[in-house]
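The next part holds the structures, each set out as structure tokens.
Common to both upcoming complexes is chain A, partnered first by chain B, then by chain C.
So, the complex of A and B:
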């Protein structure tokens, strides 16, 4: 082996040895997340029909003072999905049919917002960009029979609200 | 003889022409907006939200990649939010091979040709009453060049 070849091998060996020395290096990143304000849902007023006469249907409109009311509070500007579990009958001394549900949701605590039909299907709404609130007003119609038993009747209206992620 | 000498000099020059080997954090792992009570997952191959590191300045090296992973993210007023990493939450990518998922919870051995990109996903599990606000956690990747 001539001198030049020996020099080349030496250089190669030096290079490989230098490259194979074990060493460690580290780097950092950050995991980030922003948690929205948890939703708060409050039933603020019952849907009250008052006195009902046998054989005469009675409707409470969303604009009536006795409409049912809910308040949603959450992250300002976020979209929510609202679903209802509604009774088909009120219970009491007998069974009193209830239906023809109506709804209105608004960013202020007044009617005149977006009309909708409460049901088990999702209704989308956007919480107020400033307050994070959304107000719901619920109406319906009861239809007593001509032989409806006298007495007090009631049923539960359940509202479920979740963020959609938008 | 002159040709052989030039070859030796070229071998010597090659490593010096490359940048120093390095490990760099390129991109944060970003979960974005998280809804209380709803787990949120970022996949390691998410082109926007996954965390990303880069190994560069290497010719050919066997490496062991390890992570120091958080179990919680820290938020406002001392609040914490659980964060987990699954056995496919990391990915190794080079120009010679596609994305290979691996488990970031245990050391991972690979061969780096010139450079490599390591991506990292994860999952946060906010409680239904998770305190609102911004949460962060530090993630460290250590590469041992063998």
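So, the complex of A and C:
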């Protein structure tokens, strides 16, 4: 029996209990509802490189505390397709190259799951059969030039998620 | 370094990199619109502690498989001319909104189909984009420093199905195939949709030994818009030499969708044997 059905039964059972208690005083109706699992995407931690130095590349690994992190929560056991829109350069006082993207997705909120390369091509993942969760960890490498202008550089990582079953 | 850059660097340094949780809950995860009402809605909820900027748009796409049986849903801004697309005549209100912390927002979907629209099913994808509004870059407010950080944006893509008239669906299941390697049975399930609407259902795949004992199984949701030939990998562990059977059952059972949204169709069933030497 799937989660939605279980929840439906729970709602129905509660309704029937309430109906029994009120039976001596009034007429009753029975209401049922199917509770459907929503889809939740959350960016839980930005990908932060902190300070970098001109001419010295810096990598944030998926296992680092400053890796980018997403959480997907949805229908348990469902398969999702994940695609990414990633910058090739960050913007700031100038342009700063970023690349060598790395990824790890897991059913628990730890690395050590399935390694993948974030890109515009689809990566498939199955949401945990119990919790409906999938956790993503994203890393990358920035390559400042020797003449890289000082200042703050930023960009955006976009995660697209769609169920493959509909 | 300019004064503004120094101020920005100082501000950024005070922003913890991990202090973000921008996202949005989207419910339901599919919208079915009937021609009689021509409207639908979704509810967005921001569970976080910061406002979230949300943009709603439409695209077009449906599940497909490549030659290896891998699934994907490629979503384009517009649909090819020969597709039954609702993309061009669906509108969302509001299209852009900021949702405060732990607040909800209803997005209404209105359809304005062209006059004389033939009976049938018309498809679109609703794209809900959400991003936080805060500056994420952290670093030391050193006048000569280069500080680097990236923000996150999430896009939830859900199906929108517009139906007009009396519709039907079904599946033709071609012969499935099964191979065993690396303790896994790989099953291919070639399917072709019949009728006038997409087939929305569930595939159940079971691996049985010669005595009928279950060695492994898989269950997954399916949306067959035209054809689909997915590969289903079922971990079974080491198998003793012998003959095994893979049983594939397709049905329109979908516990994750409202019952009225799922068009009924007769179940389809087939099986294939493979041998481990």
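Before moving on, here are some points about what is shown:
Rule of thumb we're sticking to: the second predicted complex is superposed on the first by the 129 of 166 C-alpha atoms of A that agree within 3 Å, B and C clash if a C-alpha of one lies under 4 Å from a C-alpha of the other, contacts with A are read in each partner's own complex, and residues count from 1 in each chain.
Simple rule for what comes next: a residue touches a chain if its C-beta (ideal position, glycine included) is under 8 Å from a C-beta of that chain, and two chains touch if they have at least 3 such contacts.
What you see is a predicted model, and the numbers here were worked out from it, not measured in a lab.
When both complexes are overlaid on chain A, the residue A:26 reaches chain B alone and has no touch with chain C.
After overlaying the two complexes on the shared chain, residue contacts for A:115 are found with neither chain B nor chain C.
Look at A:161: by the touch rule set out above, it reaches chain C but stays clear of chain B. In the superposition on chain A, the chain among chain B and chain C reaching more residues of chain A is C. Touch criterion met: A:46 reaches chain C, while chain B stays clear of it.
By the document's definition of touching, neither partner reaches A:57: not chain B, not chain C.
In the overlay built on the shared chain, the residue A:37 is in contact with chain B and with chain C.
By the touch criterion stated above, A:75 is placed in contact with chain B and with chain C alike. On chain A, the patch touched by chain B and the patch touched by chain C overlap at residues 2-5, 34, 36-39, 75, 162-163, 165. Contact residues on chain C toward chain A in their complex (touch as defined above): 1, 5, 8-9, 12, 17-18, 20-30, 45, 47-48, 61, 63, 70-75, 125, 127, 129-132, 135-140, 142-159, 200, 219-223, 255-259.
Against chain C, the residues of chain A that register as touching in their complex are 2-5, 34, 36-54, 58, 65-66, 68, 70-71, 74-75, 77-79, 81, 87, 90, 93, 96, 98, 122, 124, 140, 142, 144, 148-166.
The residues of chain B lying in touch with chain A in their complex are 1-2, 4-5, 7-9, 11-12, 14-15, 21-38, 40, 51-53, 59, 61, 70, 73, 75, 81, 83, 120, 122, 124, 126, 128-146. Taken in their complex, chain A has these residues touching chain B: 2-5, 7-12, 14-15, 18-20, 22-39, 75, 162-163, 165.
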